[in-house]
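The structures come next, written out as structure tokens.
Shared chain: subunit A. Partners: subunit B in the first complex, subunit C in the second.
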Partner chain A sequence: MTLKLIFSEAKQWKYLVDTLSRLIDEASFIATPEGLRLRALDPSRIAMVDFVMPSEAFEEYLCDGEVRIGVNFDEFKKIMKRGSAKDKLELEVSEERRLKVRFRGRAVRTFSLPILELGAEELPTPRISFTVEAKLLSDAVKDAIKDAEIVSDYVKFETGEECLLMKASSDRGSVEVEFTRDSGSLIEIDIKEPSYAAYSLDYLSDMMKAYQLSDILTIEYATNKPLALTFDLPGGGRLTFYLAPRMEA
Partner chain B sequence: MYPSLCAKCKGARRLCGRPRCPILERIEAHLGLVERKRLDRVMFGSSPPSTLVGEKGYPLVFVGPNIPPALGDRAVIYESPRSWWGKLSLEELIRLRSSLIFSRFRVDVRRAYTSDKLLEATREIALSIKPVDTEVHFEKPPRPRIEFDGVIEPIGPAAKPRRLLVASSPVVPRKVDQLVYDEDVKVREALAELYVHGVSIYHMMRLLSLGMLGRRIDRRLVPTRWAITAVDSTIGDILLTKVRGFNELNEYRLYNSEYLGNRYVIIMAPGPWTFEMIEIWLPRSVWVKAEKPYIAVNYELHDGKPRVDEVDGGYYAMRSPVLEYLYRLKRQATVIAIREVTPNYYAPVGVWQVRESVRAALEKGYEKVEGLEQALIRVSKLIETPIEVIVKKSRILRRLMYQTKLRL
Partner chain C sequence: MRQLTEEVVSCRKCSLWQSRRNPVVGEGNLNSMIMFIGEAPGYHEDIQGRPFVGAAGKLLTELLHSIGLSREDVYITNVLKCRPPNNRDPRPEEIKACSPYLDRQLLIIKPSIVVTLGRHATSYILSRAGLAPRNISSVRGKIFRLNVLGLSITLLPTYHPAAALYRPPLRTKLEEDFNKLKSLMHERGRRSVSLEDFLKS
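Moving on to the complex of A and B:
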């Protein structure tokens, strides 16, 4: 079984691994001839990561079967941090079951880390009938999360007339952020019914670290149901986070 | 001055801009008179062992051993946080510490390799696990005084030694000896190895602060205050890598202790490793002059990194005994550790008090409670601060109350 992937921009992977490492400790990438994927729950089972990157997104993709690459994200992140803007990234699984991470830039730098043998159970994603779907500018959402963190540890999502609202409040104060088409931050919105739900800011701000991967994100949710945040990645890849709601009194 | 400034600073960070903390100065003026004895220019005593690296003037800091007016085994009690706990009163602790003479001299922290006789002697003392007989000749007789600090133990009279002679052989554990001479092993690995071999963290703090651990190029003197936090946080992190792999606790537990006017309550809940410190300074306790309590909260999630920027030594001093306990229990848990400081804690005696109180609470045994609600009812009986106030400030309690999980 061989696996060798070349990705043209190491920086993208650096952001990806940094984001994932905030939510999960250990998880397996699964490589098949079609592409690479990873699905994992955070240790509290409050959030889930669902990542796919088709083989076309890579400059080179050599995989002749199913290869599982279990990694410790803390360690993987430390290595990925060393990637710089102009580097190409190569991932290779060696004979002795180690993951080789190679940055090709001004020099060829090869790191290697042990592959963990993790449980092979494949998780389903949560099944939710979302009642709201909105496409937004991701840095506008990132800013809104930062605004909400000033006053609270959770944020409420609400729908208005063709708009999406994020509200946070506590005895420290309150903040309201409105996303409308006019202001440019809201690109599309489909509201099936008025919906509201509250979500933890600790998790949202960790997830929003992925704003660097994509200018646009999709938010889907329903009243008191989990939220899905999807970032479309260049080359047809996708990164989705699911987050369970808070039932605030 | 805004009310929370002093509680944030704890006399350590000079946030008010004054050269010395006025609150600590007031306490010192009040208590400085405990030992008014004239002190001699020559002193013979056994360091418990106790050594100190100051912070003032960094990188040119005061360093030296603390020497009590006692010899042999009778000197042990002058620095013995583990056996102090629960036995000595604040007054007794202050009296004890004010009779220790800080035989200090200035050293540049970067010159860890200078062959300085005074530094050599101090290091010999730091290596030992038993009191080390010491003869000191001071340039001038030490003047009676006591200096308080938010993190380290009160410091007694200080004087510069002209000569410092170690008169008995230090008793050095083999592992300590080996790691001090190993100049290729990183500090983190050295600490991990010392921990596994049962070396006390107080011993590690002495070694680290005197620049005796780590790779040769990294070695330097480290102010004791920083070394304490470094050892607590590093040992905690090392234990956490193991604790994260254990099964989750499957019940709610409550632990508590009280010492020197400090109340501690620890809630353990089923869940992955998560830790929150809630520190409450009641009105009229050391740092709070206002009518309202000052509450500091910091927390970490599964990644083990504190989320609030201003982390002080107290956070890590609460966290390391909790991780040590979970490590022995072979469980991980979601932990909320509450410290309530009453006005009876009229002078700070160092962060050891926090560490040992948490440890004592955990060792004493626990009370099993039916769930979070029951736990909170019990907590409200153990501390003064209304439970609603605590819940409002706590991130983790509210998360336990309101956060749902994903259903797949």
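Moving on to the complex of A and C:
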């Protein structure tokens, strides 16, 4: 099997791998002629990552079959952090089943790391009927998560009149953030029915590190159902996080 | 628990019985919803036969008080029941030999919240849930909903109090994690779900 991918901006992958490493320890990228994908649950089974990058998103994409690339994300992150702003990124699977990570910039720097043989089971897509879908500015949501962390460990999502509310409270205090079209932070919202649900800020905070990958994110949720956070990536790629709710008894 | 204590006292499953003075089974409220699991007895624990009675134990007691709990409100134990010489790290064969006692303690206490103190206790509980060991710094303060020995538990890993004695900045992290424990206790009316519930067909 041959696999060689060239991505024009190593920096994007640096942010991607940094975000993924916060949620998952080990997982396999699956490369096919159509593109690269990864789906994995975090160790606590509260969150899931679903990443897709079509072959068109790459400057060069050579893949003649299905290739599984199991990586330890702590180790992969250390390497990816070495990517500079103007570097191109090249990923290649060698005949010795090692992943070669090459940065092409002022010099050609090649790292090599072992490919892990991880389980072949593929996770299905979560079966959720979302009742709210909102497109928002990523950095506005990131700021709201930071605000909520000051007073609580979890945040409630609620719908208002054509707006989305994030509320957090505890004996330390409370905070409410309103996203509206007028303020510019809310780009689109589709509310099928009024919905509310609470989610862990620990996980949301880790997921929102992906704000550097996309200016806009899509939030989907339903009452007491998981939340989906989707970042659209350049070239038709997509990074979605699912997060289980904290349910009222 | 009395029978388990008698078995630990006469245990010869590893070599630690030869060097220890007293085994340390654990102590606290057998009906508690919260169980603390440390690594192994140290010098003072070995002498007194009680868990967390040295300097690290003093800090643990202070942290409990800071969130309105006393030692009598919780159950405290360790992965190993006998002191390793010179407080060295537990060896895999010692954990393997001793952990059935901890498993039985979990089944007796049936805690809904388990706080693991340090990497050894955290790795053991994660392994019982079928998960790989992880760095304590990457999991501390994170909440895991796990199935361990058929029990649905909320796991809150944190640093071992002894680590904060050697590295004072870690005390702040420990305090943060104990505040998280306080929130978890107040959440008893809440139920958490796993994302796996939404992956089943």
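We take it that the second predicted complex is superposed on the first by the 247 of 249 C-alpha atoms of A that agree within 3 Å, B and C clash if a C-alpha of one lies under 4 Å from a C-alpha of the other, contacts with A are read in each partner's own complex, and residues count from 1 in each chain.
Keep in mind that, in the parts below, a residue touches a chain if its C-beta (ideal position, glycine included) is under 8 Å from a C-beta of that chain, and two chains touch if they have at least 3 such contacts.
If you're wondering where the values come from, they're calculated on a predicted model, not measured in any experiment.
Upon superposition of the two complexes on subunit A, a steric clash is found between subunit B and subunit C. When the two structures are aligned on the shared chain, A:47 is found in touch with subunit B and with subunit C.
Of the two partner chains placed around the shared chain by superposition, subunit B and subunit C are both touched by A:226.
Within the superposed three-chain model, A:126 lies in touch with subunit B and with subunit C [touch as defined at top].
Touch criterion not met for A:150: it reaches neither subunit B nor subunit C. Only one segment of subunit B in 96-104, 186-194 or 276-284 runs into subunit C in the superposed model, and that segment is 276-284.
In the superposition on chain A, the residues of subunit A contacted by subunit B and by subunit C overlap at 25, 41, 43-48, 74, 123-124, 126, 153, 170, 200, 202, 226, 242-249. Chain contact summary for the complex, subunit A toward subunit B: residues 21-22, 25, 41-48, 74, 123-126, 153-154, 170-171, 198, 200, 202, 226, 242-249. Those residues of subunit B whose C-beta lies close enough to touch subunit A in the complex are 244, 271-274, 301-303, 307, 392, 395, 398-399, 401-408.
By the touch criterion given at the top, residues 25-26, 41, 43-48, 74, 123-124, 126-128, 152-153, 170, 200, 202, 225-226, 242-249 of subunit A touch subunit C in their complex.
Residues 126, 131-132, 134-135, 138-139, 141-146, 180, 183, 187, 189-199, 201 of subunit C are the ones that touch subunit A when the two sit in their complex.
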